[in-house]
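In the two complexes that follow, chain A is the common piece, with chain B as its partner first and chain C second.
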Partner chain A sequence: MPGPAGGEATIRVLRYDPDAGGAPRWQTYRVPYEPMDRVLDALHAIKWRADGTLAFRRSCGHGICGSDAMVINGQNALACKVLIKDLSQPITVEPIRGLPVHKDLVVDMEPFFDAYRKVLPFLVNDDPAPDRERLQSPADRARYDDTTKCILCAACTTSCPVFWGDGQYAGPAAIVNAHRFVFDSRDRASNERLAVLSDKVGAFRCRTVFNCTRACPRDIHVTRAIQEVKSEILKRRV
Partner chain B sequence: MSLATRERTQTPAPAGGLELWTWFFMRISGIVLVFLVLGHFTIVHLLGEGVDRVNFAFVAGRWSSPLWQTWDWTMLTLGLIHGANGLRVVIDDYVRRDGLRAALKSALYVASLIFLLLGTLIIVAFDPAKGS
Partner chain C sequence: MATTHTYDAVIVGAGGAGLRAALEASQHVRTAVISKLYPTRSHTGAAQGGMCAALANVEEDTWEWHAFDTVKGSDFLADQDSVDVMCREAIDAVIDLEHWGMPFNRTPDGRVDQRRFGGHTRAHGEAPVMRACYAADRTGHMILQTLYQQCVKQGVEFYNEFYLLDMIVSGGRVAGLVAYELATGELHVFRCKTALLATGGFGRMFRVTSNAHALTGDGPAVALRRGLPLEDMEFFQFHPTGLYGIGILLSEAARGEGGVLRNATGERFMERYAPSIKDLAPRDMVSRAIYFEVKEGRGAGPKKDYVLLDVTHLGKELIEEKLPDITEFARIYLGVEPLREGVPVVPTAHYAMGGIPTDNDARVVSDETNTVFPGLYAAGECACVSVHGGNRLGTNSLLDIIVFGRRGGLSMVEDARRLDFAPMPEEPERDAKAILARLAEGPEPHAVPEIRAELQHSMDENASVFRTDELLREQENALGLLRERYAERAGVQDRSRAFNTDLMEAFELGCLLDLAETLVAAARARTESRGGHYRGDFPKRNDKRWLKHSLAWKSGDAVRLGYKPVRLGRYKPVERKY
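Showing the complex of A and B:
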């Protein structure tokens, strides 16, 4: 039963079916909701009880896996972290922008992961392995703490107007994940990562629009991380 | 086994190319332009009788001094290159067709160069006698 702030939500979903052809179209659903229901719960209600053809991604459903980033009322967000009661209605739900749409809310994430792979998003250290762990001071660990929080949901990259317009820009998420290793005292490949990011489609493409920082469901200071990468490239050249 | 004894061979330095240096130029020229432009406005438009006293003789007087020639030429050069680079970046961001992008950028570079040469010529070769 809907609680005090619950009721019936009107949800408009931007549908696209490649088999049917034609342009994407808006479809409106009415869904009963309870005060603590999230947009993901509404999408489940639609898919399970009203319209099984609706396609969207979700995995953990609790803000950790990063599968259900979508544009909700014009803002990039995780459907599993946004409460219906906090949104103005009708609620609009669209696929994240700048990536090819497979069907409904499911986009092709390959261009996003291609850029991610290019920055070598893993620890590189060919030094002989020590007897125990590779030690790191708390201060050294804190240097990149913020960028360890990324869950690769693509909310930042697909909120970036340069990524929309250009289609080649590495995007905020790839730079955030480079930052995580560039500033790791144990890593030995930071120059290789920074070389990738000083390319024309790298960090200097950032125009500090701050959409990425606003979109990040993990509250990473994305724009700051990108500026720190730019500064680091400059410092190593002068 | 001892702790780390061997550094992984790193590439000497990240390949910071044109994008790094144009980005750095925008920061530096932006800061310099704030002082040059505000100084220009204060001196020419606000102090004394303000903009009303600006006429041919006033400009001729200023440009007889190497200080004001240098000031104005620096302002012209930094402003032009700063603005042209800003437009280059906008073209790179939003023009997706290669041919159109190359054409627009070529036009931008040619126009900027012409304005830069014209401005330099006027400041350097200015002769008050020819204006009277």
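Showing the complex of A and C:
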């Protein structure tokens, strides 16, 4: 097996106890780690060996379920995809920003999913369905491929300064999920979807800071998708 | 006091099976979905390769050939009428998904594209066939997203981050469910006419597993505790190519595209185990071959405990384009560059063929004669129809969840219209409350992670790819001690109400222990080798004695076993050669 030896990592976690209230506080832990351990392994080491009260979400452990987005050394990332050895220490771990914190690293995801639901994130086509599949050329299929990769982890939306500053902005993830249908040749509801995104909470709030693109653990070109949605709004609106 | 809700239909689990059932049921009856994760976090999303259906879009194919492959792959333990249902309905299952917006890859003329996958052949084994419908290397992710999107469209009611703790049985049928709300620590009683369990797998009883942390078998464990049997628990699939140390899956596609397995000497050892199809032999056979290579001292690495998946000869372009997962996972998690060197892999606990016994309409059955248990349904990995028998073919899990999720939803609608609510006992949440109270008060607040680690380690050692009576007896003893410590000592550190994941991990461990016990008892009793169940002391299949499904009941602290016949059909059991 390759890689240098592990060692001991110092990890500072921003903790919040809803029962105690008050301001969040930093708590420092030291955990041994193997060369290939990820930040999620360190959080498990804390929870399972030192402090069972630490709360965080996780499930698949390899970057596909989207449960464990957090701010790691100042950057939004999935804890299961960041190796400890690649980080400078002490490693800081905080909840993603712009959503109310429930406890420790667990935030309220409802506002995020509300914004998602508002863009009609589903295929609409009321034409009578054929007996077999609807046809779609490989080129038409490729048109929206990038945005189908979204796992709704909220890393993009909660890295966006416009979203932090303004509880109203739909945010990158909602726009990405609108993009996925706006550019799907089978869909018939893009005017409604674009109307949602053309008003004051929509795509034109984007200031092309590119934080979202950097934060995306699925390498989606988020900012480009937002730009394409903006252009489509302008193109369709007379 | 628990909060009480009333629905005609309650579905537990929001992966493919649960969401597909919800789309059916919620159109007609009052339906709720409770899930311990946000729906899009479910493990259906991790499936990569595809979903097989004999669409014949790319080359000649029939659902009957698909059925043959499924039965042969199952080592003849699948029920052939159930397999027929699944393979026949596969075609509509794919078309339904497409109509809902599923972004399948397309053929040049715009139809759903199909590709080859392990074990799927034309004309009863003549040659590989292009049958797997797919969406890049994220078919499961796209199915999960598509189903969830349609649930949003239909306004399906979700209770997210609610854990199933108990099932209320009254007068021999389901009266409701008890769930724990993670955000508040509050108990909820869901009174219902029909309840469908779709909680997925339970691979977390093993240490090296491809399964998510959430896959602890809460549904089957709750059913078991309420007197229902579990079927074919000894059949667990170990996927041959789990990433060394962590078990994350490297898709079969790597070998489908020409990747080969090598031992420490560089030998392509599958040539010795399956001379005709070599590295593309079924998963159970390849996993055993890896086990023997390591056991006989030909493992690679400083501890000689893994083999290498070699794709270096395939070229940069093909690897980057067709195997992006393998390159990403190997680079991130092992720091290995697959363009230049072999990727360390080991068999990883992947899929439970066994589970809650059901009929072809997803109705749960409770004994050797398949008596329906009214009001209870199960679908997906937590269920056992059985369509996978002793070994599941790749892609058939995504198919299973869509076909039987739909059937479960339809059955709930039919029965909810006919049934009344069962009478609810006094304080229905009492038993669930007692379980939580005991865990909260246990004297050893660090016991849960320790017991879990020992469970996982010992299951890997004694009850995984290679089993013998001696190993399984040892495991029975180990489980006895772990169970005792769990029951008498296990506690939690976190005493708070909100997001007490410490407490829920303790509850989940209890589920894993119960299920491990049934697995080991059924495995010890089955003195033959079939599919994923391999006994070193009984290395041959024995149809005369063992062509039957096991049923395991919890009986006090012990497991009681029973058996029921396999429903045969067109295909007579023959030796499985590749």
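Basically, the second predicted complex is superposed on the first by the 233 of 238 C-alpha atoms of A that agree within 3 Å, B and C clash if a C-alpha of one lies under 4 Å from a C-alpha of the other, contacts with A are read in each partner's own complex, and residues count from 1 in each chain.
The rule we apply is simple: a residue touches a chain if its C-beta (ideal position, glycine included) is under 8 Å from a C-beta of that chain, and two chains touch if they have at least 3 such contacts.
What you see is a predicted model, and the numbers here were worked out from it, not measured in a lab.
Colleague: Looking at the overlay, does A:227 come into contact with chain B only (first), chain C only (second), both, or neither?
Modeller: In the superposed model, A:227 contacts neither chain B nor chain C.
Colleague: Check whether A:27 is in contact with chain B, with chain C, with both or with neither, and answer first, second, both or neither.
Modeller: So A:27 meets neither chain B nor chain C here.
Colleague: Does chain B (first) or chain C (second) touch A:129, or do both, or does neither?
Modeller: It touches chain B and chain C both.
Colleague: Looking at A:75, would you say it contacts chain B, chain C, both, or neither? Reply first, second, both or neither.
Modeller: neither
Colleague: So in the superposed three-chain picture, is A:189 touching just chain B, just chain C, both, or none of them (first/second/both/neither)?
Modeller: first
Colleague: Quick one: name whichever of chain B and chain C touches more residues of chain A.
Modeller: C
Colleague: Mind working out whether A:162 is in touch with chain B, chain C, both or neither, as first, second, both or neither?
Modeller: After superposition on chain A, A:162 lies in contact with chain B alone.
Colleague: Return first, second, both or neither, reflecting whether A:144 touches chain B, chain C, both chains, or no partner chain.
Modeller: Only chain C is touched by A:144; chain B is not.
Colleague: Once the complexes are superposed, what residues of chain A are shared between the chain B interface and the chain C interface?
Modeller: Touching chain B and chain C on chain A: residues 124-125, 129, 131, 134.
Colleague: In the complex of these two chains, what residues of chain A are touching chain B?
Modeller: Residue positions touching the partner: 124-131, 134, 161-162, 165-167, 188-192, 194-195, 197-200, 202, 204-205, 207, 230, 233-234, 236-237.
Colleague: Would you mind writing out the residues of chain B in touch with chain A in their complex?
Modeller: Listed in rising order, the residues of chain B that touch chain A are 1-8, 10-20, 22-24, 89, 92-94, 96.
Colleague: Hey, which residues of chain A end up touching chain C in the complex?
Modeller: It comes out as residues 1-3, 17-19, 35-36, 38, 47-49, 51-53, 55-56, 58-62, 64-67, 81, 83, 102-104, 106, 109, 113, 117, 120-125, 129, 131-138, 141, 144-145, 148-152, 181, 184, 186-187.
Colleague: If we count contacts the way the header does, which residues on chain C are in touch with chain A in the complex?
Modeller: 37-38, 40-43, 45-46, 94-95, 98-101, 103-112, 135-136, 138, 141-142, 145-146, 149-150, 152-153, 183, 212-214, 244-246, 248, 301-302, 329, 332-336, 344, 445-446, 448-449, 492-494, 496-502
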